[in-house]
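See the structures that follow.
Each of the two complexes below includes chain A, the first together with chain B, the second together with chain C.
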Partner chain A sequence: MPVTSIVSARRQRSLLTFCSAWLALLAVTVVASLLMGAGQVSPARALAVLTGNQDHDARFVVYELRGQRTLLAIIVGMALGAAGTLLQSATRNPLAEPGLLGVSAGASFAVVLAISLGASAATVHFSVAIIGAMVGCLLVLLVTQVRYVGDDPVRLVLAGAAFSAMLGAITTLMLLFDQRSADEIRFWVIGTLAGRSSVALWWSPPGILLALALMTLLVRPLAALALGEHIATGLGHHPRLIRLLTLLIVAVLVGIATAVAGPIAFIGLIVPFVARAQTGSDIRRTLWLSLLIGPTLLLLADVLSRLAVKPYELPIGVITAMIGAPVLVAVVRSRRLPTL
Partner chain B sequence: MDISAALSPPLRRPPLPAPPGYWRLAAGHYSVLLHRRGLFSALLLSVLLLLCSGISLSAGSTSLSVQQALLAAVGIGSKMHLFLIQELRLPRLLAAALTGIAFGVGGCLLQTLARNRLATPGVIGIDDGATAFAVASIVAVPTSLAPSYLALTGAATATALAFGLGGGAGARGYRFIVVGLGIGALFGAVTNLMLARTDIDSANQAYPWTVGSLNARPEEAVLMLAVGLLLCLPVAKYLAGRLALMRFSDAVACGLGVRLAMTRILVLTVTVVITALAVAVAGPVGLVALMAPELARYLCGQQGVPVLNAGLAGALIMILADLVGRTVLAPIEIPVGVITAVVGGPYLLWILLRRPHRSGQ
Partner chain C sequence: MLTRFPASRRALRHCSLTLSLLAGVSLAAHADDRVIDTAYGKVTVSGTPGHVVALDEQAVDTVLAVGAKPAGALATRGAEGVSNYLKDRAEGVPIVGTSREINLEAVLAAQPDLILAGARLDKTMYDKLSQIAPTIVPTSSLAQWKDSVMTYATAMNKADEAQQALQQIDTRIAALKPKMPAGATVSVVRWMPQGALVMSSHLIVGETLQALGLKTTALSDSLVKKPHSDILSLENLSQVDGDWMFLATLNEKGKEALDNARQQPAFQRLKAAQSNHVVAVDGQVWSSGSGILAANRLLDDLEQNLAN
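Up next is the complex of A and B:
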């Protein structure tokens, strides 16, 4: 048996181990999410419902309120985790993160603009968010083509921060004109999973699943791209095309996630970071792992956001920032940024 | 003959001519070199500043002529005019000018210290730290003076974190800035957390601190800022000379007699103090600290560290932004922080995307 296949067999096994571990963790957080917060039903009562009790009020809270919210968190988590991994791989930048680079900000800004122009239908929000994310991704692509910036991960993040700050200021400006829709807009400015309409539940899963299915076609080319542009070209891939398609999928994922939950930063940074730490930097492994880590982390953050300042709820973006900022510092501090 | 000539007292050597671009002012044994272009730009900025101040005093919901406004400022005019100018517009103008000076000077010092034109207090999270603590003081300890002190504490905390975790300023450049960015995000999240927890009244009261506004600022905070500037500006001017030498490598600066550690600590202290006091007045209007030193350097040329010109430029930008915010969409008032962010964002992007200069200066 050749050495390489032994190594790869071992890697395969470890990937399987990690995957099952994260799956177990995900199951635990799902149960926690069903049992805790969001609605006046104690964990004990919720547990009784889960084991078959016919308590109508509690059934409603657990299955309708918390169940929907949990499902949304899983979907958004998968989308953001995968988007982060894809974007980092396509730009070969370990700090590239849809939230930090302004893709999420672009999506939410587009929705705010649409709302202030009078759009109110949820379907419009979805399409506008995706278009906004696409424009954001296009800008990221353009910026990475600029010399001196594309090569420097940290500079790219700064550019994204500047872009997000600018969009935030314009949003504040629009809020000044239009106090009426201020409440509606506030949700698009800070991410949260509370009180989402069931429309979101109908629209987002098919879109996300489609994007994830298309994504599987890009995994091998992206893995080749990690070896360098010349080698990828030599292997018969087209780097520019791969990048463009990847960013398109990232835009769809982030657009839908933002339409569902508003801009949530840092998840796309933490997830690939954790995944790489466990299985190495090969996207063929990290991508599948990130599809499990993303929902787990987001659910965890969501449960925390319900419990942290009871009886209020915290926007989930605040929790992810509090977890993510230290990770950002850790990544930047690590002696050599991991090269992708 | 020769001997007497040799014994006569030596002639005083004629003074060295001033280097090109400088004037030499001498009185007896003492002399100073004045940077000609720096002097001219200071003059230009001062004239512009006076002009904008006049316009800012006269413009508004009730517009007066510039003459009326100036007369009212020195105490001549109808009761209504006096109230309008002395109670409303003059304090606001003063707050704008003082915060502008503070942000400009702080930005210039920190940029030079970090050898990176992006390293301004706002970008590395000092503003966010000060804001978080100021908001905490409103939510937890509601007094009018407390925000200034707590903003100072917050700014110091954020600075210590940014420098501690970023591995100090210096050659590491962008890494240190992104660490600051992370710290800023963390403090921003804490601010949001506190705003989410409190009742709507406290949250509204704390709102100006989160966007940056000059509307009805507390007088005590302005007074503290004025005192702080009075104490810090001479130190800043002195430090500018040291910093100008530190633009060379550490070894060279050391050889020229600069005490590196001491200078760094002093620069950081001055930056933190004036930035925090300014944030306590106007909230995080950090991008002024980015633009003002750049404008000053553009006007002064590349020599030296134009601390005072940066202060003047900062005041000019602040007053202009406030003027625009007050008048363009009247009666709606745009917070000054929003104006500077709308203008400063693209500017920040432009700095990042164009070809970088050597060592960021």
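Up next is the complex of A and C:
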């Protein structure tokens, strides 16, 4: 079939173009993230450090504080971007997003519960967050099985919002009863990339890379699933198994991301939205693109969160919500919700 | 008429005695009327109220400091009872709400003859409370804690006691001042995992530090409208560095909060941290407390840690 091969070659080329464009943008945001901050280290001073200047204070700020944050943002951004794309594909819902559907809320709730049961914030293991995310994913899965809710993208988001609100209320209740950990818990309610222990940098990249590696095995089956359950079954895939495995990987990605940075909503919604707008809805393209768009957006949001209220910082969740809410409205309002 | 019903004569005499007693009390009360300037206009209080409901942390502190016991108090933020530093004195005091929500029925059940509320009480709540009993909402802002203590105490007819206690604090400060490291910079922060909250120096803590001849940081001096800052960027942590740092913790595990802070490289670089001059203190006193008893607790902590 020469026509399709031409089309796919053209798409291949456009994917490559988009990928390199986003890679360049990512590089720009990484540099921006190293140069800009809420402190007294100016971009010029930071640049001097990067070119080998022995300015101890600036060195500390650029490498220890901003450098570490930048790495975390890349890791978390990749995880959330990929998780959003996978979740949307598995639920065939363009509005599905870990933050909106209660997956992040499940993860942060589990962490808050662990802290208020006596664990200290420093020692909370990411397994707690992953278990919480899994329970959240399981609920999403159950809800998608319910007729009308699972079929209607907006209803699914409503169900997710209700679930998130419920978990939020319980978290608030725990805050009321447990002043002891109020300061520590607040972090898990808002989400930030600041002040994370360097320990997080040791265990999160391997976990997320492993999840991303497993994810590659699911790309083909998910693409087949997009053609419809019957066709996918005809091609020798097992739709239910694919969905289950996908949600498992989403849970691991979101769990680790939440354990590292707290709940950060909307990244998982914006990233696939942007990716689809550029290369169409085929997961074989959007997924790779989302691995680049995720970190770029998160870094951009983080830089904004540092510059907005100097010498203080805004929680990054506030910035992502400010960028994400209009996107959500745009997606819902657009006449034709893309069917996945 | 009276002779015809001799039995009722005694009753009548009893009655008139009570009446004259009541008249006497009301006369005395009249002489004792105090007109108090509050945020919602002038409020007249007479006599010495026996049932005082304190709907504010500082009000509870004041009632207890002048030797009375509130008929009801608010639970402090997030906890089930009053602040820990008041717990011993406030034993058995019923809780009539939280700082977020006053339970009007519980206030009514406490049968107050005076209600002492916080400066931030809104009008709707004020209207309801003042139907139950004269309600005092101090006019003063964050800064003038002594004024609002005196407002509360005057309403309770305990102005002398409060005045005396405030004077004792001044005497104590004067005695303590020569023992303090003069001119040393002291910062008061609350530690969050992602950075520090800086406490304003226009609260009781900053005022006490300055009265002792100690310096506060420029950043805490700049907080004139809020009790504390937003979360400070870790890049700016050096702005709250000084000779001493008091880490107010809202939990009882103060040491743990300190350990958490020490894990942060940006914290380890502080002068105060390197010279081991970081002290974990009770946040219920250091970041939200205000009043006579709180001031004395502050002085205890300062004496214990800074006096030579």
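Keep in mind that, in the parts below, the second predicted complex is superposed on the first by the 332 of 340 C-alpha atoms of A that agree within 3 Å, B and C clash if a C-alpha of one lies under 4 Å from a C-alpha of the other, contacts with A are read in each partner's own complex, and residues count from 1 in each chain.
The definition used in the following text is that a contact is a pair of C-beta atoms (placed from the backbone, for glycine too) under 8 Å apart; a residue touches a chain by one contact, two chains touch by 3 or more.
Everything quoted here is computed from the prediction, not taken from an experiment.
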Do chain B and chain C fit side by side on chain A in the superposed arrangement, or is it a clash?
clash
A:321 contacts which: chain B (first), chain C (second), both, neither?
first
Would you sort A:157 into first (chain B), second (chain C), both or neither based on which partner it touches?
first
Which partner does A:312 contact after superposing on A: first (chain B), second (chain C), both, neither?
both
After the superposition on A, what does A:329 contact: first (chain B), second (chain C), both or neither?
first
Kindly classify A:168 by the partners it touches after superposition: chain B alone (first), chain C alone (second), both, or neither?
first
Tell me which of 8-16, 26-34, 62-70 or 98-106 in chain C produces the clash with chain B after alignment on chain A.
98-106
Shared contact residues on chain A for chain B and chain C?
176-177, 309, 312-313
Quick check: in the complex, which residue numbers of chain B touch chain A?
118, 123, 165-167, 174-175, 177-179, 181-183, 185-186, 188-190, 192-193, 196-197, 211, 329, 332, 334-335, 337-338, 341-342, 344-346, 348-349, 352-353, 355-356
What does chain A use to touch chain C in their complex?
37-41, 57, 60-61, 64-66, 120-122, 175-184, 186-187, 192, 194-198, 306, 309-313
Using the touch definition up top, name the residues of chain C that touch chain A in the complex.
77-80, 98, 190-195, 219, 229-236, 238-239, 249-253, 256-257, 260, 263-266, 269
As the complex stands, chain A meets chain B at residues 95, 143, 146-149, 152, 154-155, 157-159, 161-163, 165-170, 172-173, 176-177, 190, 265-266, 308-309, 312-315, 317-319, 321-322, 324-326, 328-329, 332-333
